[in-house]
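Following this message is one structure expressed as structure tokens.
Letters are used for the chains, namely A, B and C, taken in the order the chains are written, and counting of residues starts over at 1 for each.
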């Protein structure tokens, strides 16, 4: 096909990546203000960011919430995916559509819904468990999509072959189904983890009083005193995103990415 | 010792799409290779899967060596199965694939190692024991699948079109290996295929299936030379099939190609099958006039299709390659009805 | 091929259970496996949303059924402004993103050597924190505004800026959808059109654009829903000057503490987005589910 250089595409690519480059450049500022292009060069703001207890507390909370949401979402999603890909039952398509329902609703509405439910029905203040469950509402379908795609692409004859060789249902699951689903489970886990770790629209409603997740702290920090430490923190998150990107790329799970996004 | 090793009685499995099996009765002898032959959707794979325990019949029983195993799960049946896609476990090595069935049987490690070695030796793959299936050719994968199925010493070896995904040359090679192996081991086999050649080369007996039923069972040669049913003759392309118009009581049968003396075979005769080499073509009479409509050249023979002028019937005649004919040529057909095979509907 | 093996397999059973003993375990096990997910969907998604709807129809003062919250929404200018802004954001982002996505996706089809790079560029930002991405946009916007010699650019604190930022953020989703359609296009159609004397623009208009249409539709639905429902862009890029429905929802719950009003805004937002979403969901499962 065409051997010419696709300049228009390159230009768009630059526009897409420029904000990230700006963040990274700004984190290297030597001055006291988060400005781009940076004034001078230093790595001081990284140590500043990592010494900031507000950031660190928030980082810890975000990590705990993301791990918990991921574990719950993957377990629940895997069970459902197993049913959807290994059985035929009435209402199968309906169950698949309903399961993906939360992905079609703006996260701000999901957050409000869970908040109203927790406050009015359960008569509870927002809490870490509420936050985790709120993330799971969207995390489960994100994980489910990936796991279903992986498991549906497996040849059912593999499990049947194991059966004819004398393996019990549990042994078939343990030695065949689970190992073959593992790449999908890893991909799903990473996507759910990143979703939860980066989430702001649901977290806003459900954070326990006096505590904040990292995206919320950064969001508030930007409003209030943007020194380059926020850029340093942001750069670390860019790095995290890119690492996850490469892992997903390696296991071929990238294509499941577009269902979710910035909301 | 009973001659019937596997005994199927009244097996029925209905599916919405019509690919089920209906009231199958079948006896398979110990040590024989039975081929289930038929077109797509005839139920041959369903029947195989029912024997394997991968499909549950709506009614009927499956007996092996006198035991009723109908209610046993596939895992408890001791059947070795080779799948059409081979279904090798992609995350396990060749040796681990072969070992799988032995490990579920909790055999001692040393025994397993020995059995794997022997099985791989048998299929000539000992040197590839540590490869993953993805690194093997199709023919090699097929042999691993076979080794995995026979290493457990199955009561019955079930093969579901195991060669259909391979190139013709490798298919021929593996087919004779398979036959030799099955006979050496003396294992009872059931082989599903839609390929006549495979049925002929592999089967001790061939069961022709259509629409969920067994049409007829016979030794392969018998089936090809003397099909008893119209479906069989048609499916095997055994010759020109001509309907019987009518018959005089106890007398001759009338067909558009002439009448024939009553045939010995009992039962209703709906049609006759005339082998292609029993039909001669004469340029200037005698015979029934017709027109050459197609010439199909193959390596060693020429099949000529002739449309008869009056009835419009298409007959096929085998001719030497040297015969010079052309499409559209007027010709006369002389059928040796003595060699016609009677067919039930 | 043999007798429709895969389909038969599917009908008989797809997994290791229920053979022989033909009891009705067949529905019990999948039901048990689906139960946790169903619990989440019903208990934390459907039921809470129903509660949002009832809250929206409840007067906060009297705690009785009423339309007060909706009357308030449609009588105050803040409601109308938010509604208008959200529609402009949704439609504007979708149209601009589609206009840029189609040539980008076509470029990916035409330049196979570059394709891996262009796909990576699309996907990489999707895994990066939204706050960080908006922050990056802010930094860049200030820089561009500063070096721009011809007056002020509306890149920040304006509706235009919100739309531009959302185009940058939503572009990947739109492009992937369009690319999925274009990639299926028979490339020989382009050759055929060219041999028939069509110029580049004509080829694009008569061959490429029709082939891209399903992707544009699918991508537009996703983009519209995601941008109309975005909280971060109007909040951070708009800087309080571009009220939209998502910011109004959060604002009325956090600041004024008027959940009922916020719930009403959410119901209106859902009324805009939901029909499109149901459409796309029905289509996507039809395509992807075995």
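Observations on the structure shown:
The working rule: a contact is a pair of C-beta atoms (placed from the backbone, for glycine too) under 8 Å apart; a residue touches a chain by one contact, two chains touch by 3 or more.
Remember, predicted model here, so these are calculated numbers, not experimental data.
Comparing mean CA positions across the assembly, the chain most remote from chain A is B.
When the interfaces A-C and A-B are ranked by C-beta pairs in contact, the top one is A-C.
Chain C has its Cα centroid 54 Å from the Cα centroid of chain B. With centres set at the average Cα position, the gap from chain A to chain C is 16 Å. Measuring from the averaged C-alpha position of chain A to that of chain B gives a distance of 54 Å. Residue numbers of chain C whose C-beta contacts span two or more other chains: 9, 11, 13.
Within chain B, contacts with two or more other chains are made by residues 53-54, 73-74, 84. Among all residues of chain A, those that touch two or more other chains are 157, 160, 162-163, 169.
Considering their complex, residues 9-11, 13-17, 26-27, 29-31, 33-34, 36-38, 40-41, 44-49, 51-52, 55, 100, 103-104, 107-108, 110-112, 114, 117-133, 135-140, 142-143, 168-173, 176-177, 187, 222, 225-226, 228-233, 235-236, 246, 249-250, 253-254, 259, 262-263, 266, 269-270, 273-274, 277-278, 280-282, 284-285, 288-290 of chain C touch chain A.
Partner chain B is touched in their complex by these residues of chain A: 155, 157-158, 160-169, 171, 175-176, 179-180. For chain A in complex with chain C, the touching residues are 1-2, 6, 8-9, 12-13, 15-23, 26, 34-37, 75-77, 79-80, 82-90, 93, 95-102, 104-110, 112-117, 119-121, 133-134, 136-137, 140, 144, 148-149, 152, 156-157, 159-160, 162-163, 169, 172-173, 194, 197-198, 200-201, 204-205, 215, 218-219, 222, 230-231, 234, 237-238, 241-242, 244-245, 248-249, 254, 257-258, 261-263.
Across the complex, chain B meets chain A through its residues 52-54, 73-81, 83-85, 87-91, 100-101, 104-105, 148-149, 152, 158.
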